[in-house]
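Both complexes shown next keep chain A, but they swap its partner, so chain B is in the first and chain C is in the second.
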Partner chain A sequence: MNTKLKISNVTKIYPGCVANDNVSLEFNSGKIYALLGENGAGKSTLVKILSGVIIPDEGEIYLNENNLKLNSPSDAKKNDIGMVFQHFNLFETLSVFENLIIDSDEQREGLREKIDTIMKKYNFSIDLDIPVLNLSAGQKQKVEIIRCLIRSPKVLIMDEPTSVLTEQETSELFLSLKKFSEEGILIIYITHKLKEVMQLCDEVAVMRRGKLVSVSQIKNENIESLANKMVGQNLKTIKKKKAKTSSDQLIKITNLNFTSEDPFETNLMDINFSVNRGECLGIAGISGNGQSELFQVLSGEIISEKNSIEFNKNYIGDLNPQERREYLMAFSPEDRLEQAAIPQMKIFENVALNNFKSSNFFNNGLINENKIKEHSKKIISDFNVNTENIELKSQFLSGGNLQKLIIGRELITSPDLLICFNPTWGLDVGAINYIHETLIKINEQNKSIILISTDTDELLKLSDKISVIHKGKLSKIMNAEEVTSEKLGILMGGAN
Partner chain B sequence: MIIDINFIGLIIASIMASAVPLILASCGELITERSGVLNLGVEGMMIIGAISGFALMTVTGSLIIAIFGAMLAGVLISTIFAFLTQTLITNHVATGLALTIFGIGISAMIGKNFVGIPGKEFPVFFEGFKDTIPLLGPILFGHSIVFYFAFALPFITSYFLKKTKIGLIVRAVGDSPESASNQGINVRLVRYACILYGGAMSGLAGAYLSMIYTPQWIENMTGGRGWIALALVVFSTWNPIKILIGAMIFGGLTIIQFHMQAIGVRIPVQFLTALPYIVTIIVLVVISRNSRKIRLSTPSSLGKSFYKDN
Partner chain C sequence: MIKIVKRDQPSRAIFFFTPVLAIFLTLVAGGLIFFILGFKPFEALKFFFIVPIADKYGFSELLLKATPLCLIAIGLSFCFKSNNWNIGAEGQLTFGAIVSGGVALLFYEQEGFYILPIVILAGAIGGMLYASIPAILKTYFNTNEILVSLMLVYVSKLILDYLVVGPWSNPEGFNFPETRQFSDSAKLPLLFEGLRIHAGIFLALAAVVISWFVFYKTYLGFQMKVSGFSLKTAKYAGYKGKKMIILVFLISGACAGLAGVGEITGPIGQLHREISPDYGFTAIIVAFLGRLHPVGIIFASLVVAITYLGAETAQIFMQIPKYTGQVFQGMILFFLLASDYLLFFKFKFIGSKK
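Right, the complex of A and B next:
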C-alpha cells in the first residue's frame, strides 16, 4: 500500500528564533528522503513535530489525506509514525526487553516471539535480557529501530542516525533502511553528512535557518552543490600540506596502564606511543572504547605513574592538569559545557579559569578584571568567535562559538602540544572548517596535536599518523597516507 | 540462667513491631524515589499521619476511619509537595525539608488537645495461637493487620517493580524522564502518583506509631524515624528486601540496647543509643557493595526536576 505524508505550511516560533518558517513538503513511500541542513537549520524541530514531541504553531500534517493532530508522541505512534532520535530514548538501567515492552500493549510472550522474528528477518543479534547500558551505540540504535518495527510503522524517521556508528555499522544500517523502504515503509533520513545523502537517498530537501531551500532528486546533485545549498555560500575545501618530517620527539608514552574502579569505564592497557614536533597523531575508535579515559590520563585529570609520560624531556605522569599546562600542554575536552567551560559563568571568567598561575590575571589573590577582559577580546577577535559581549554567559554561545573560544583560550598561551577530544562534535560545516583550519595552522607552526576523535573523515584529513583504540588498547601506529576509512573501520570493530 | 524460649520469641516480635513504621515509610519512599523524586518530607508526613490517626480515633471512635484518615492525611500533605515540585518545579530538597518542618509544627498545634488522652486497643489476629508453637508462636501470631501488611510490603513492592507494567513505567521515569516523555508516558502523572503513594505509606507508618505501637499522642513522637526510613532507602540501594533487613537490624538494636541499659551493662548510654544508627548503616553499606548493582538500581534522575519544553 502506498503511503503519502504531507507537511503543509508548518511554522514553529521560539522566542528570538523562527525554527520552522512556513515549511511544506511531500513524501511518498518506496523512496528514501533526506532532510539536510546544518545544526539549527530547523530539521530536528520539523521531525519532532512529525513525531508529536513538539506542537507546531501553525500548519497541518496529512497522512494518506487524513489530517493528523499530533499532540503527543503517542499520537504519532497511533498513526504509524516511528522515530529514532539522535539521542537515544532508551532507559539505560532497564533490560532490552523491558525497554521494548514498555510502550507495547502486547503480552510478554507474544512480544518476545515478535521481536525474535524481526531480529531474524533483519539479521540483528541482541541479547534481550541484559541492561541497555551494556550495549554498543550501534546495538542501542537497533533496539530503537526494533521498537519502531514492532508497531509496523508506515513512516520511519531517522534523526542523525550515524553520528555514533562505525563505518561497518553505518553500512549495515543503510542495508536495513533500503530493505525497509522496499517493504513499503516511507523513510525520512535527517543528516548533515553529505556523503550519506548521496549514498542512501533518492530525494533531498535542504533546510537553512528554518526555511526550506530546495527539494531535488539526488541524481541531479553532487556533494558540492548540496554543501553550497546547505551553507548558503561557496565553501572552500581545505587540505593539509604534508608535514615536514621532524624527528624531534615531544611526548612519549611508555607502558601506560589505567584500571578503573567503575565497571562502566574502560581500562587502558599498555599504551605506548610518541609524537614528534609539528605532528598530528589521530586516535580513532568507536566512542566508549577508552577515549575519554585516555584523554583524562593525558590531561592529568587521572594521574598515572611519573615515568609513563615523558614530555619535553620531563617526566610528568604524576602532575595534575594545571601543572601540565605550565609545561606548555593544552587541552580541549569533549564535553564543552560540562568539562571545558562553566556554562553559568561569563565568557571572560571562563577565559581566566585555565590560567591561574602563569599569567598576570591575578594580583595578590585579587582578580585583575581589565587584563582578563583585554585578553578575552583578543581571543574573540583572533578566533572569530561570533559575539561582541564578553560579559555573556558561556551557555548562550552556540557550540561552534564555544569551541572556538575554548581552542582560542588554549592556544593563546602558544602551547607545544594540544590534546583535543572530538573538537568538532555536533558543530556545523562552517565551524568545523574553521576548527580544522586552526588545527592545521598549529602543525604548520611546528607544534603538535593529539586528536582523539570518533569522526574518521576528520582524522584522515588532519592526522599525520593514526592509531585506533579498541577496548582500551591502541593498534599499531600507521602513517595517515597508508590508511583508508575502510581499514580504520575494520580496526575500530576490533579486528586485526 | 534459664531463658524461656517464648521470651526470646517475644523479644523478636517486639523487634519486628519496632521495624514496622520504618518498613512502611521506606517502601513508600522507595517508590517515590524510583520515579526520580527525592521527598525529604517523610518525617513530616509520618507525624501528620500519627496525629491524624490518633485524633480521628479519639473523635470518631472508629479505627478504620482513623487508619484510612491517616493515610489520606499523608496523601494530602504529599500533594502539596507534588504540586510544588512537579507543577511549580521547585527544588526537591528544599521543598522536602520545608514539608518536614511544616508537618512537625502543624501536628504539634493540632495535638495540643490530644495530649494525655489514652488510646484505644487495636484488634490483633490469631491471639489464641500464640502459645501453640514455641518460639515461633509469639513471632507469627497476635499482631495487628498493619503489622502483617508491613512485612508483606517489601515483597509486594519488589514484585510490583520487577514484574508489573506500571512498575516498569515507574522505573523508566526514574531512569530517564526525557525518554519516557518522548515515549508518550505522562511523566508528571506518574511522579504525582508515586509521591502520593509515598505519602499514604508514611501516613500509615505514623498512624501505626500513635495507634498501635504506643497508643497515645506525644509531641514529636516519630522521633527521627522518618530520617532513618530515608537513610534505609538509600543504603539499601533502592532494594525493598534490603530495606526489610535494614529495618530489622535497626529495630533489633534499638530494642536490645534498651535491655542492655536496663540490665546495667557498663557501656556509655550515648554509645548504646547511637549503636543502631551506626550498625545499620555499616551493614547496609557492606551488603550493597556492588557498584554494578548500585548503578542498575539507582534512579538516574533522582532529585532532578523535569519539565517539558514545548
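Right, the complex of A and C next:
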C-alpha cells in the first residue's frame, strides 16, 4: 500500500528565531528522502513536529489525506509514525527486552515472538536479555529501530543516525533502511552529511535558516551542489600545507592511567604518545570513548602522576590547569556554554578566566579591570569576534563568535601547545572555516596542537598524525597521509 | 488571551522588582489570613508592621533584630554565591556564642578594655570552627553540606543546653538554666541611654562594606562568581575549589559567630537556653530576599526584622499567636520564589484571534 505524507505550510516561531518558515513538503513511500541542512537550519524542529514533540504555530500534516493532529509523541505513534532520535532513549541498566516491553501494548510472549521475527527478517543479532549498557552504539540504535518496527510503522524518521556509528555500522544501517523502503515504509533521513545523502537517498530537501530551499532528485545533484545549497554561498576549500618535519619534542605522555569512580566515565588505560613542535596530533573516536577524560587529564582538571606528562622538559602531571598555563599550554574544552565560558557573564569577564601571572589581570588579589578590558578588545579585533561591546554578556554571541572568543582567549598569549576538543562542534560553515584556518596558522608558527575530535573529516584535514581512542585506549599513532576515513572507522569500532 | 512567553534574557529591572512584589503579596495574603481569623485586616497589619516601629524605642528594637540577621545573611551570601549550601548558620551562631560566652565567663569580675575584643574574636573563631566541620567533610569526604550543617545546629543547641544546666550554670542562680551575668567589660556598649541598640550594629555595617568590596573588587570574589555559575568552569580555569569552599564556610561561620556574640554580649548579657529566635534560619530568607547583594541584604534584614517585632506587638494587643511572625517569614520566601518565575518568563497579552 502506498503511503503519502504531506506537510503543508508549517510555521514554528521561537523568541528571536523562526525555526520553520512556511514549510511545505510531500513524501511518498518507496523512496528514501533526505532532509539536509546545517545545525540550526530547522530540520530537527520539523521532525519533532512530525513526531508530536513540538506543536507547530501554523500548518497542517496529512497522512494519506487524513489531517493529523499530533499533540504528543503518542499521537504520532498511534498514526504509525516512528522516530529514532539522535540520542538514544533507552534505560541502560534494563535488558533489551525490558526496554522494548515498556512502551508496547502487547503481551510478553507475543512480543518476544514478534521481535524474533523482525530480527530474523532483517538479520539483526542482539541478545534480548543482556542489559543495554553492554551494547555498542550500533546495537543500541537497532534496539530503537526494532522498537519502531514492532508497531509496523508507515513512516520511519531517522534523526542524524550516523553521528555515533562507525563506517561499518553505517553501511549496515543503510542496507536495513533500503530494505525497509522496499517493503513500503516511507523513510525520512535527517543529516548534514552530504556523502550519506548521495549514498542512500533518492530525493533531497534542503533547509536553510528555517526555510525550505530546494527539493530535488539525487541523480541531478552532486556533493558540491548540495553543499552550496546548504550553506548558501560558494565555499572555498582550505588545505593544510605539509608541516616542516621537526624532531623537537614538546609534550610526552608516558604510561598514563586514569580510573574513575564514576561508572558513567571511561577509564584511560596506558596512554603513551608524544607531539613535536609545529605538529598537530589528531585523536579520533566515537564520542564517549574517553575523549572527555583524556582532555581533562591533559588540561589538569584531572590530576595524574607527576612523571606521566612531560612538557617542555618539565614534569607537570600533578599541576592544575592554571599552573599548566604558566608553562604555556592552552585549552579549549568541548562544552562552550557550560565549561569554556559562562554565558551570564560579560565578555571581558570571560576573558579573565584564562589568567596568567604575567597578564596582570589580578594584582595582589584585586581585579585589574582596565587591563582585562584592554586585553579583551585585542582578542575581539585579532580574532574577528563580531561585536564591539566587551560589556556584552557572552550569551548574546553566536556559537561561532563565542568559539572565536574562546580560541582567541587561549591563543593570544601565544602558548606552545593548544589542546582542543571538538572545536567546531555545532558551528556554521563560515565559523568552521575560520577556526580551521586559525589552527593551521598555529602549526605554521611552529606551535603544536592536540586535536580531539569526533569529526573524521576535520581530523584528516588538520592533523599530521592521527591516533584513535577506543574504550579508553589509544591505537598506534599513524601518519595522516597514510590514513583513510575507512581505516579510521575500523579502528573507531574497536578492531585492530 | 494571556500567553506566557520565555524571556530572551532574565530582566534586570524585574530582578530588583520581585522582592518588592513578594513583600506586597505577603501583605495581601497576610491581610487575608487575618480576615479569615476574624480580625480586621488593615488594623491587624497596622499592629504588625507600623505600630512596632512608630516610636524611638521601637526603631531601636528594629535595628537590634536586624543586626544579627544582616550579619549572618552577609556571611551566607558568600556561601550561596559560590554554590555552597550552608544552612547551619544557627548552629554556628550558637557555637560562636558558646565560645565567646566561655571566654567572657573566664573574665568574670574583671575589668579592662582588652576583654571585649578577645570575647568578640573568640565568637568569630567559634563560628569558624563550627562551620569548618561541614566544609571539611564536604571537600574531603564528599558529604552533603546541607545535611551536615543542619544537623550540627541541633548538636550545638544540646551542647549549650548541657553547659548552662551543668558546668557553667550560675552557682547563685537557684538552678535556673543560665550562666552568670558577664562583667561590663565583656559587654558591647549601648549606643543610647534607655535603648537596647548596641555597638554590634557596627560589626554588621563593617561586614556589609567588606563583603561588597570582596564580591566586586577582588580575585576571590571573581572566583566565587565563576564557581557559582559553573563548577566545571571553575575547575577548567584552575581555581582551587577545595580551598575556596573552606574559605567561604569560614567567612560565613565567622559572621554567624559574631552575630552570636552580639546577642549574648548585647541585650542578653549571659548565656542561657534561648539565645536566638532562629536568626540563623531566618537569615537564609534575608539573604535571598536581598538578592545576595550587600545593599539588598540591609533592606531585607530590616523588612524581616519587622516580622519579629510585629508578631510580639500583635500578640500583646490582639492576642494573635506570635508564631504568626514565622508565617510571614515563610510567606515572604514563598512569594519571592514564586515571583522569580517572572525573571525568566513574561506575560504577553494578545488579542483573541478570529
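Assume the second predicted complex is superposed on the first by the 460 of 496 C-alpha atoms of A that agree within 3 Å, B and C clash if a C-alpha of one lies under 4 Å from a C-alpha of the other, contacts with A are read in each partner's own complex, and residues count from 1 in each chain.
Throughout what follows, a residue touches a chain if its C-beta (ideal position, glycine included) is under 8 Å from a C-beta of that chain, and two chains touch if they have at least 3 such contacts.
Computed from a prediction, not measured in an experiment: that's the story for all the values here.
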Partner chain in contact with A:G300 - chain B first, chain C second, else both or neither: second
First, second, both or neither for A:K461, with chain B first and chain C second: neither
Partner chain(s) touched by A:R208 [first = chain B, second = chain C, both, neither]: neither
First (chain B), second (chain C), both or neither touched by A:E98: first
Which superposed partner A:Q344 touches (first chain B, second chain C, both, neither): second
A:R409 touches, of chain B and chain C: first, second, both or neither? neither
Chain A residues contacted in one complex by chain B, in the other by chain C: none
Sites on chain B touched by chain A in the complex: 165, 168-169, 171-172, 175-176, 178-185, 291-292, 295-298, 300, 310
Of chain A, residues touching chain B in the complex: 51-55, 72-74, 77, 85, 88-94, 98, 101-103, 131, 133, 261-264
Touching residues (chain side chain C, partner chain A) in the complex: 5-9, 217-222, 225-226, 229-230, 232-233, 235-240
Of chain A, residues touching chain C in the complex: 15-16, 299-301, 320-325, 331, 333, 335, 338-342, 344-345, 349, 352-355, 362, 365-367, 393, 395-396
